[in-house]
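You will see chain A twice below: alongside chain B first, and alongside chain C after that.
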Partner chain A sequence: MMILASLPPKDEFLSTMWYLVETYSSFFIRGVVITLLLSVVGTAGGFILSLFLTVLRTQEIDQRRDRLGSRIIKRIGRGFAKTYITVFRGTPMIVQAMIFYYGISPLRLSWWTPLVAGLTVVTLNTTAYIAEVIRSGINGIDKGQMEAARSLGFSRRDAMFLIVFPQAIKHSLPSIANEFIVNLKDTAVLSVIGVFDLFRATSSATSSNFRIVEGFFIAAIIYLILTYITGKVVQKLDVLLEKKEVKANA
Partner chain B sequence: MKRVFVVLMLAVSLVVLAACGSDEQFDLENETEFVVGLEAAYAPFNWSTPTENDFTYPLHAQNGVYVDGYDVVIAQQIADELGLTLVVKAIEWDGLILALLAGEIDMIIAGMSPTAERAETVAFSDEYFRSEQVMVVATDGDYADATSLADFNGARVVAQLGTLQDALIAQLTGATRLEPLDTYGMLATAVSTNAADAFIAELPVAQGMVASNSNLTIIQFTEGNGFVVSDEDVAVAVALRQEDINLLEAVNGVLASISIEQRNAIMQAALNRQPNA
Partner chain C sequence: MPNHILEIRNIHKRFGDQIVLSGVNLDISEKEVVTIIGSSGSGKTTLLRCLNLLSEPDDGHIYFMGADLMDTKTNLEELRMHIGMVFQSFNLFNNKTVLQNCTLAPMKLLKKTKEEATETALNYLTKVGMQDFIHQNVNKLSGGQKQRVAIARALCMNPTIMLFDEPTSALDPEMVGEVLTVIKNLANEGMTMVIVTHEMAFAEEVSDRIVFMDQGVIAEMGTPKTILHQPKEERTKAFLRRYRQS
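Let's turn to the complex of A and B:
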């Protein structure tokens, strides 16, 4: 292996890249780990929270049977879910990061680090997107299924939880996995609050030598590898789900 | 469901509550930690490195990432004299004052000029370094032989967002001011790739860049031919919250004990630790 002790001259693109990889390997590794952590936690956390949001949002008010109290609670729940989705999908994640990180910092909570703030923001943000994905999944389920369940004596809630939701979630899985790929790339904006993700790791690796193009070329290759691999996994997942479907229908 | 809603409402009200900070002074007697913020991307004042040495300090909450540079050495001296444990946080340039006001950090030490505009929101110490403003251009470019401000007629000039240097572009008659960029690394890249013709920098920053990028060169102006700057603009100072009067006095005391010769030696040593090519 070629060992480069010192920074190569300016026009040697490849050897500069090699120098950066070698000298700052710990930065790049750390950056990849943090980017993966943000994407995994953001997508998994977002998925779980989005289920709550979906439940809140799909409540139906029965004017005859529901008492006033439960009607109000349902209405507030639906309003909250709708507002939440509108706000988080309607504002850029970089703006949310600034507001959350610096909004909560004055409380001087020792655990409120940029990473914790970043994890919070990516989770809350992904929640809104996955909630939309699941909602369209629910819309895709034939209305006849609900009607059939109700005529067989299922309550609306049981029909929702036992019949509609599981199918909607299953159909949504590829789109949810897509959110993971989106997160791999979009969490780069969290470097604005000091999260040491791959983007900031690259900035840091070039902070005393200023070889930005070479540094971000390395970052691009790493991002591409990460998204390519997860993209392949999503494809496999797609095929797998389809196969099961065919079997179930047969 | 209701509980989830209540928890979320609580989170929202916390955010609102956070907007009203406390007015208490920094407690020099009882505080143990001294949290300073810097960019970690403004060599030789401050930069990031994966290798530890006698001058580096670990970044807060980021294992394996260290900061080095003039600011780090000075911050360490201040913390030592005050008997406090130094904590260093890396924050983007345009978030530094925000972080200070939010209580996220207690001091900015980031090669910041104590301009009148910034002094409206933060308190500045006495200067801890003084230099001059120079231009950085491409060695083989049209402006490599410039000697005066007038020579930059027609040049595309860029600066870092929210800096004194950005305001100085107005003094270059006939030059085009490009949209400011986020870091000095981007400025060096802009000139290297011909996206801009020149940028303005403090002399030590320019020296560090030229040392690692031979395609860049410094244009230093002779007496009377350079930028017209007020006295505070060529100096850099640390910034504190305006209510922390005790801390300001203590910091000024420490800075006064570091002579100009010592400062220049610390800066030269920081420049020598930057990579050369």
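Let's turn to the complex of A and C:
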């Protein structure tokens, strides 16, 4: 009753926004923290897992020298990586969230909370996208790099790890940072399974007073600030990397 | 019977329906310098790339120090360590400095310590005149400098034989000389080499034997004097006429 009493009239947009910020600041703060957590874990985890996927995917079968067993294992690995990427890129994350959360919930695992499910889904989803980014990075590396390494006596695997992957990953860094920005926004869909991210926090803050437009206007501003700052930080990092390279060459 | 480093026996190679090599036989003796000439599309680069199996022949045998590279049980990686290769487009590792390009393989493959590998690398980089650039990023070098580093990189593995795939074709004219000088010095020191080149004057000067290739076979081979000045085959004559006109 106290809260309702101080709620500004309907046509006072700005003061309503201010009212919501003041009253529900703990909601918004928690929402931002969870959204950031989802994005950081999702992007970092996705990057690490995508490396495994890339290793599986870039295996080449030597028809003359590989034994039947290793040919089959390589084929299974490549097939898995391809299928994984197709499935996770080809379905909406909101659908993936529903299937994972409600698919595993019946096992009654005490730790399988909406947040854990959300972290899992955003990580698995980002893995597929970053794997695709790194793949195009690898395609951009001149074939001569691999040939030179092979001519010195390196195995294909060593040549990949020492020469091709480091260059491909470096070229992919801007796109990987972009995945982080995408995650800041797209993790909003995880509220569907009850993750208390910024979207759900805003929903909660407006559920009793129905000032939905004002509430989500605040959310929009916060999302914009997060993506804008991240974008700027990435730009700065790019410049720093360039500078470091120039210095190393001087 | 001279000591053969490489014995190439009847190798065949096709890309799709295009026959690139059809039955090439060639022996390379120790300390011998063999250059391969021929018009583009004659199969000379493919032949060279077959010698360390970067391109795999469809048929035939390649014996390196007696071991058949075409035998699937042969440890290719082990043998490639002894076969140095220099590419037309240099192919220096872009994520490494000049020095790292030269020490990576000796450290990882020959298990040399960093100090040993660096010492060897400095020795060869000095030999090719690149000692002042060791900490540079390779992307900042000129073509001639890159190629000299590429030669040093191959030498750091202490190879038994060196393969050169058109080492000056991607260079600006004023940089051809510096690279050819390095290769000539190697020849004088007794390095066994197979060189694919378009530089006829260089071939004449450096070679013990010149191989002229045409349409996937060795059309003629012999001393520089015979091939370049008294060729017997009509197609060799035609090739040299075209070359001298251009």
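Points worth noting:
Throughout what follows, the second predicted complex is superposed on the first by the 235 of 250 C-alpha atoms of A that agree within 3 Å, B and C clash if a C-alpha of one lies under 4 Å from a C-alpha of the other, contacts with A are read in each partner's own complex, and residues count from 1 in each chain.
As a convention for this text, contacts are C-beta pairs under 8 Å (C-beta built on N, C-alpha and C of every residue); 3 or more make two chains touch, one makes a residue touch a chain.
Here the structure is a predicted model, which is why all the values come from computation and not from measurement.
By the touch criterion defined above, A:142 reaches chain C but does not reach chain B.
Contacts of A:193 after superposition on the shared chain: chain B is touched, whereas chain C is not. Contacts of A:170 after superposition: chain C is touched, whereas chain B is not reached. Contact with chain C, but none with chain B, is seen for A:151 once the two complexes are overlaid on the shared chain. With both structures placed on the common chain, the touch criterion links A:64 to chain C but leaves chain B unconnected.
Look at A:80: by the touch rule set out above, it reaches chain B but stays clear of chain C. In the superposed model, A:15 lies in contact with neither chain B nor chain C. For chain A, the partner that touches more of its residues is B, with chain B and chain C as the two candidates. Once the two complexes are laid over each other on the shared chain, residue contacts for A:105 go to chain B alone; chain C is not touched. No residue of chain A lies in contact with both chain B in one complex and chain C in the other.
Within the complex formed with chain B, the residues of chain A that make contact are 6-11, 23-27, 30, 52, 55-56, 73, 76-77, 80, 98-100, 102-108, 113-115, 192-194, 196, 203-213. Chain B meets chain A in the complex at residues 1-2, 4-5, 8, 14-15, 17-19, 21, 40-43, 47-50, 60-65, 68, 89-92, 95, 98-99, 102-104, 183-186, 188-189, 192-193, 208-209, 212-215, 274-277.
For chain C in complex with chain A, the touching residues are 52, 54, 56, 72, 76-81, 83-85, 87, 89-95, 97, 104-105, 108-109, 135-137, 139-140, 150, 153-154, 157. For chain A in complex with chain C, the residues that touch the partner chain are 64-65, 142, 144-145, 147-155, 158, 162-163, 166-167, 170, 245, 248-249.
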